[in-house]
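Common to both upcoming complexes is subunit A, partnered first by subunit B, then by subunit C.
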Partner chain A sequence: MSEESVKKESQPAKAPERVYGVGHKLIGKDYPTPDLYAKVTGLAKYAEDYHADGMLFCKLLLSPLPHARVKHIDTRAALAMPGVKAILMADELPPPADSLTDNGTVIKANLKSERALTMEPLYQGEPILAVAAVDELTAAEAIEQIRIDFEPLPFVIDPLETLRPGGPNPRLEGNIWVQAPAPSAAPGAPPPNPPPPTIGELKWTKEDFANAKEGQLPMGKVPGEWSYGDLDPGFKNAALVLDETFVTPDTSHQTLETRTAMAYWQNGKVHVFTGTQSTAQTVPAIARWLNIDPSNVVLISEYTGGGFGSKITGGVTLVIPALLSKKVNAPVMMRISREEETFIGRARPSLMGRMKVGFSKEGRVIALDMFVISNNGPYDANGDVPSSGRIVSLLYQCEAMRWRGATILTNTPPRSAQSSPGGMQGIAIMEPIIAKAARKLGLDQVAIRRINCPEGKAPVGPVMKSDGKRPHATSAFLKEALDRGAEQFKWNERVARTPKRSGTKVRGVGVSLSCYVGGSIGFDGLLVITPEGRVRFQSGIGNLGTEAVMDVHRAGAEVLGVPWEKCDITWGDTAKNFPYTCVSGGSQTTHAMTRAAYATAMDAKKKLQEIAAKSLGGKPENYEVANERVFRKGGGAGMTLGQAAAKAIQLGGVYDGHEPSADLNKLTKASMAALAGQGLIAAAKDNYPRDGQTYSYVASFAEVEVDVETGKYYIVDFLAYADVGSVIHPRALGGQVLGRSVLGMGHTLGQKWVYDPHYGAMLSTRFYQNKPPTILDVPVNMQWAALDIPDPETPVGARGVGEPPVGGGCASILNALSDALGDEIFRRAPVNADTILTSLEAGRPMQHPLMAHI
Partner chain B sequence: MGDSDDNDHKLNEAPPTTISRRDLIKGVIAGGVTVSSASYLFRATSLLGQSGQSTGERLLTINVNGQLRRADVMRQETLAWTLRHKLGLTGTKLGCDRAECGSCTVLINDIPHYACSVLTHMVRDRKVLTIEGLASPEGKLHPVQQGVIDEQGFQCAFCMPGFIMASVGFLKTNPNPTRGELAFGVSGNLCRCQDYDKILTALMRGAENMRRASNV
Partner chain C sequence: MAVIRDVMPAFELLQPSSIVDAQKLLQQQGRDAWVLAGGMDSFDWLKDRIKKPKVVVDLSGIAELKGIRATSDGIEIGAMTTLTEVVQHPVIKEKFKVLAESAELVASPQIRNQGTLGGNVSQDARCWYYRAGWPCYRADGNICYADTPEGRNREHAILHAERCVAVNPSDTAPALIALDAKFVIRTSKGERVIDAEDYFVGPDIDITSLHVLKPGELLTAIRIPSAWAGAQFYFEKVRDRNVWDFPLLNVASAMVVSNGTIERIRIAVNGAAARPLRLKAVEDAVRGKAANAATGTMAGKLAVEGAVPLQFNAYKIPLMRNLVKRAIGGVEEATWTS
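Our next item is the complex of A and B:
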């Protein structure tokens, strides 16, 4: 091992070990999660690890062209091959199903949305057909035998190119989605849902393009706009006005487990084995994609090899093995290769943003004019563009703000939410401007963020039509996180350290604010207390690595006072009866499902008290629940949880699950019906009030060392200080805070798509061409901490954490780089060695400012 | 892997003592299979009995996790495929199938190798250790596995078997590494949850467990 190849061992100031969950037995404490033994021994089964007797394999035929119409397919030679069992084509897919909301209104299916196979591929790599055969080699050889004639159609991979006058459209009908308003409601009826969006055309004028100076994003007409406050006085009174353009990269999710799926049918039910972020909620998605009743879907997903937003309810391509299996009456495994995953595996859309920001001399953001467009790919519009505006408005508490934006369709792979969709990009666009303003105004980087950051019930976004007010956050303690983080990171010492340059090495420090949504409400929990005295939590949460699938039930066990050793968790197989559960996306699980777990434990407690009163006399409120017993307050008669469970079975009715409470979701009721009679069954809906929208926050600090001779840079130290409400499971939280920070860093360190613009063909299809950060790209000692201040609007106090750290991971590195190198090096991410070297030499940013996929 | 590839290994000769990427490709060519642009291709045994097809399989005996295991193996078959689909050892994961991510890392004669890039016929007469063979037959976890449990290492854990096998291999020759040295030792493994800090803490705990176990 040479000297240079070994990572530098930095010695950051080690913070004293934080004690979380003061006053709790389980909440805030570390414990080995029940899925860990199977993981370390290799026994944990992910989708590709399942095998069924007579299982066939399938392979996909992917479009070689970015936009084309399939004119003719000849499958005769392929079907004649020994071992080839069936071919599935787009016209065999069931028609897209409408969906029914919980209040009974119908959401019409959008016929222009993505489906699993297509005869008009809209991006290179889109699946056209699938072959099932006795093995993969035969299936792949059969694909080679298929004759297919394409009619090439116009294509575009760069959003600005399709916006030009006369520019090509990615779809025959245009380049943007247009949403017609909902029809007005009939008297007494619930308001109908708006019709599905249609595709329209948006073109900017020559003047729009000519008005933008070199390096500036042109600003033509866009469909999205909101504002609050008055911008003009802000800009007039500002001590400093900056007008900056910044471009963030398209970044593939690159889950290490691809979206492999296996399926078979048994007694009219389809059994699907795949990775998904959400167990219970993937069933209705599969039912919709297959246009069958959800009661005919069984999903097995005990372990999922990463999601990051790309597998919120699995992937639509899972219908391919399901339909092939039905066609040939045999199990079918569809293994997705790494290249295939690059095309069908989802990605974060690039955002191009232009911000005009007015600062007071103290650095307060008094006026912000934000303009963003995204590179969305060809299918459904992602929320990144609108969410970028909302997050920026919250995080910097701009006194007056206008947001404008458009989601532009292109012939590139479909995007989906990726950890902090829109938030990460908005923060990456805004933070370098804050950093530049601090330098211009002579302000400390922590200080300028401190006077702008949200506090308490901070307002967010535009005025709501419903009540004429701006919505607000449930809470924000980000100032405290910023202060404590600056102290732990020894920010002032690092800033004061001289010289910054030593030989060819220059050091720089950066800080960033970060936040994202952190929780939803209104879901159900379900548990069984068995006559053996054990508590079994039915967990419909996906096991995607965050451990929320286990962690949230610690809140329930804490309420019941049951030792964790007496608790079991059922997860990963929808035949095992789960309650109505949130999807694990939008960092909502910890918040939503600790609320549901808390409500359910309270329901169990109430039932235990009632059973004790019925059995032993007195009133329910005379009994308390603790130490695996329900007993008369102040001592006296009592019974064990096991005895109470046996009694619950005798009593039946509400006690053993035969009479669910009316407000439960129908999925929960169906699961209760299946479990009824097994013991004391508790189920409850989270009906707790909440004032405000739930967000979580992070203050991120980084130090980098740049070699100005090679352009290479290292992250020397990193700290993320989180404001995520009460800490539930410290180690899992630390994994999320630092893991998602590093996911954000990848956008700075080098991840991007590269395209051949002439053919519309992607060149960065493998890890080595589009590499996520490795263990050598991050400091050997990273640091994280959490305030552990409960959120006042949720009974357990816990909020979600997955997404909030991402923007700060990206932007703290950007800011540290500009601290080291100045403001004239980069105006897009990632920042690679060649960017640094060429720009340093020229004294101005040398990358093309706007061209997509370079 | 730093191996020399100074002589050609013909199929009928004694298996090589080391394997490089170049050996793998040569091995595939020797097996008479064209490298196809389609990725992830494997032939199942079920074509046997179908006329006009020759899968070129032969019965091999390989030493896996201390047991002699027999399997019908194609000439171009990778060790990862044999382990996963012929021997039922699915703990060895395929994340890329092209030596980029390390999820398929196993030990071959105590040296970590990417099983996606080793041909099964090249490991005859060698000892293959997978994640399933790491705990003792009585179920006592290997110190590195225990370290992962102690520290709640890893998130989704799809990369975990590869990281653990790479660590166990590295620690055999570097029993007392610094965090930086151990990071270097597992730098051929990719974690997309990017939980590197906690992974490193867990593997360092594993190293400590190993030293403690060897001192008693």
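Our next item is the complex of A and C:
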């Protein structure tokens, strides 16, 4: 099929026009973001676009082996080359720093965590040293002059291999992290933090492996376990019990901007230029990595070319140019190549999952026994394994459930959170089972999801020790999203359509539930009303492509009744004074920072009313704020915002930032002190109550067409219907809902790692080998919509959206494929022509689910 | 010594403006010279510092290597003609559509704008071990890493493997074989013209090159005779992604059918072996037979006789069987109403 014919085939009807933000002026409306022009014209400066006088370049020497000890390094020839200025090695890194929490307790540094350079590489591609030179070519040629002697050490790529009796360990000490509990608190003192985890060894028995049938995940002992309800009666009374193994792929984040960083030192402060998902919160991370005080860190990050969880606070390797810069007293640029990014750029861990699920004859999940292990790479444990259990328990409201899991270390590149960490894998493992159950029980695929999906204050996860109850969600309107989505997608018509096969083509439809966490609380906002009558929002959010850095402040402008044209946003440079801001990870920003923006605007409003009362008489409550003025209710005396700001400067104290509110974070207070006197300064902590944990939800629908003679398939149509609370910025929301759906689809469509297990070497280091999805792999006219029902537990009503669509993007395609081809085709993702053709030929699944990386 | 990738090494860049000069430079530099066409294959090798030629001879300034010309018997396409020009050329679209179709499925629009027809047929193997610089047979070593008990070989050969199991990744090569194209090669002794299928070699002939060019030789043009103009063509490429992907397999055929009977046929597949395979046995078997599904089915089975799968590429056998079947018997198209 040519590219042109792909396009022609996927032209569904245009979506109905939706009007969002009814009753609002700014919330729910599209607008051109202040960074738009720079982005589309190329004026936007990413880390690589910065230059400084006398700037040097550095390149990295990466380990060729998956696990080794560096015995000897000879750098003499490299250092003798003209233009080579310095070499940085692991022993020159500052010792890992402890960190201090906001309540004053110390988190001890984990000395076994990842650092920027190492003398004991734990994966192929781990940086060992860096060379600074006058240009990159010189640095590269110098690296080729360095002689390193390695002592190879045992290594393991596959988590099951290290679990075998006598299997190799990825680290000298073992293959799992062991977390000791926190010591008990002294009377009156805050509870201390647990000590850093240590590395232990986990091996399963021969019997554990022998007990698993062909294609089944063996289930040995694992450190993680929780449960609620009673599984036995559920399985006993079930009309159908399925026991399925499914494996999800390791997938690199593959942000278009690699983790390039430039740094220099000036007056004792380090200035770092890099891409990061979070601006304000990257400062303490850099300070910790460099073991310096956060007040000596300036971060410039105006634009970030994608993160997806791989750059929540930048990347630890940014210390390399910072330390080299100190060493040679010149700015140093470290441009990370695609080859380097493949190794150090983070990835989602593969999950191997086995689920035993009991269904009632109506399709209700009455018992679920879930077992998962992850391929974590060699460093800090990721939360994917526990998170997969929580998300599955919420999304399918299992009546009784046990979750067990282990995070297994291997000699593969370090993982980090990737959009919907654990949620995406849990959904990808569970959804094909739901689809199979519906077929076996003769139920409609939407109907079976409707009776299982969460509603309202739905319970999630296990009983908490603190209060003896299961936690619950703030709200869930997923049933409405499923119903409206099914209607818009014309689900019933598509299901009823015959024939399913015509010529060599078979069509299949799939639906998936999807959800992930969608918000945190307790952060600060900060704004300045200037004597010129403008409102300046100080935004400490990262500009990572979601537009939350701008969007959340629309909620503040709406409260103040200020036209958007009179608003300015300061972002991207921590020297410009930002408030205590959430990290942009876990889809928390829109929720957390609209709350902070709302609180801050309310603080500004209160101060305006007080200033008006002081200036014009009467009580503050006699005044209202609208139309860029504060004036007596019902008409009469008033003043412009500019006049009120001038008055605030005169009044000083709480009005112009000299007296911050006591509950503000110290970072916010420091920023206020720097801005004090510039106008009316408002700052507030989000103290709004919240009953429950915040999640967002998506119902995803897909249709595929498979050619049974070639195994090639196309996604013909796709719709994602989102329950994300109030819509703040429709165009950005649509970009997130569909963009993250595509991220999920990549896991079905072909994204993967290929590893040679004998050598422990990655073979899929280039895009054409690891196959992230392209724009032509998804339907031209994908659709999205949002319910726009406010979440009742947050003043603006908005929840986060980045991650919730991902699982549905992956699983709706898997389900559409099994609808087209049956349940005997695939047992792992991705699913490609090789899997489909060999299984169709044999009439049974031909690929071993547990043999990955091919 | 340590290894670093993704940094272009320094080299001397020579930019001749005529075929004569280019051939002379290549002759002078011998094995030290690297021929640069569109660069889509070369830059990978150079940036990875696996190939470090002293001299790069850039052909982009040679006007006589570019463009599509009518000849007394068909057309001649300069080796430096871009794939996009091939796709869009009215004569190719009208008379030799199989070539336009194959060229349109190469990589991505950006790569087709830069990549050339000569480069596409002369590109190197994409075996992930070989391309990552592993010292395999193809790189003058003494092992094939893909053909080991744990080797990863999903995209490798099912036919004619000989120590090395890499495949030829070109999409246009089988189309040119189906069209009975002639490759024009400039050597120190003058011009040599060879059949398309003779341009390509397997590891039994030369394990370090996919084509016959020797140092000092230059592919200057590809001639397409009019013998197959307007024939019944078929091209299909199966790949994982819908754009920017090499073929898992592709097939190209040209048939002259008269009263439902196959009078003449040429058919080739690529992605199955280290060279694009002209399926002569299939051609002989179907000549004189009805151009229908039954003949296609018979041809498909014949085509994969002797195929030997590796651990992860058994799917290529039914895939090749079905592609050959479709090339001859046609595709049973879907008749969806929605």
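Couple of notes before you dig in:
The definition used in the following text is that the second predicted complex is superposed on the first by the 844 of 854 C-alpha atoms of A that agree within 3 Å, B and C clash if a C-alpha of one lies under 4 Å from a C-alpha of the other, contacts with A are read in each partner's own complex, and residues count from 1 in each chain.
Convention: contacts are C-beta pairs under 8 Å (C-beta built on N, C-alpha and C of every residue); 3 or more make two chains touch, one makes a residue touch a chain.
Predicted model, so just to flag it, every value in this text is computed and none were measured.
By the document's definition of touching, of the two partners only subunit C reaches A:Gln145; subunit B does not. Contact with subunit B, but none with subunit C, is seen for A:Pro82 once the two complexes are overlaid on the shared chain. When the shared chain is aligned, no partner comes close enough to touch A:Val495: not subunit B, not subunit C. Shared-chain residue A:Ile107: touches no atom of subunit B or subunit C. Of the two partner chains, neither subunit B nor subunit C is touched by A:Leu240.
When the shared chain is aligned, subunit B and subunit C each come close enough to touch A:Tyr768. In the superposed model, A:Ile789 lies in contact with neither subunit B nor subunit C.
Of the two partner chains, subunit B is the only one touched by A:Gly305; subunit C is not.
In the superposed model, A:Ile199 lies in contact with neither subunit B nor subunit C. According to the touch criterion, the shared surface of subunit A, contacted by subunit B in one complex and subunit C in the other, consists of residues 1, 6, 59, 136-137, 140, 143-144, 337-340, 766-768, 773-776. Those residues of subunit A that touch subunit B in the complex are listed here as 1, 5-9, 30, 32-33, 36-37, 39-46, 48-49, 51, 57, 59, 82-83, 134-138, 140, 143-144, 253-258, 303-308, 335, 337-340, 544-547, 731-732, 734-736, 738-740, 742-743, 746, 766-768, 772-776, 778, 780-782, 784. Subunit A meets subunit C in the complex at residues 1-3, 6, 59-62, 64, 136-137, 139-141, 143-148, 337-340, 497, 502-505, 507, 705, 709-712, 714, 749-750, 754-759, 761, 763-769, 771, 773-777, 832-835, 837-838, 840-841, 846, 853-854. Note for the complex: subunit C touches subunit A at residues 1-10, 44, 48-49, 101, 104-105, 108, 126, 128-129, 132, 145, 148-152, 154, 236, 238-246, 248, 312-315, 318-319, 322-323, 325-326, 331-336, 338. The residues of subunit B lying in touch with subunit A in their complex are 36, 38-44, 46-47, 50-53, 84-85, 88-98, 100-101, 103, 130-132, 134-135, 141, 145, 148-152, 154-161, 164, 178-181, 183-184, 186-187, 189-200.
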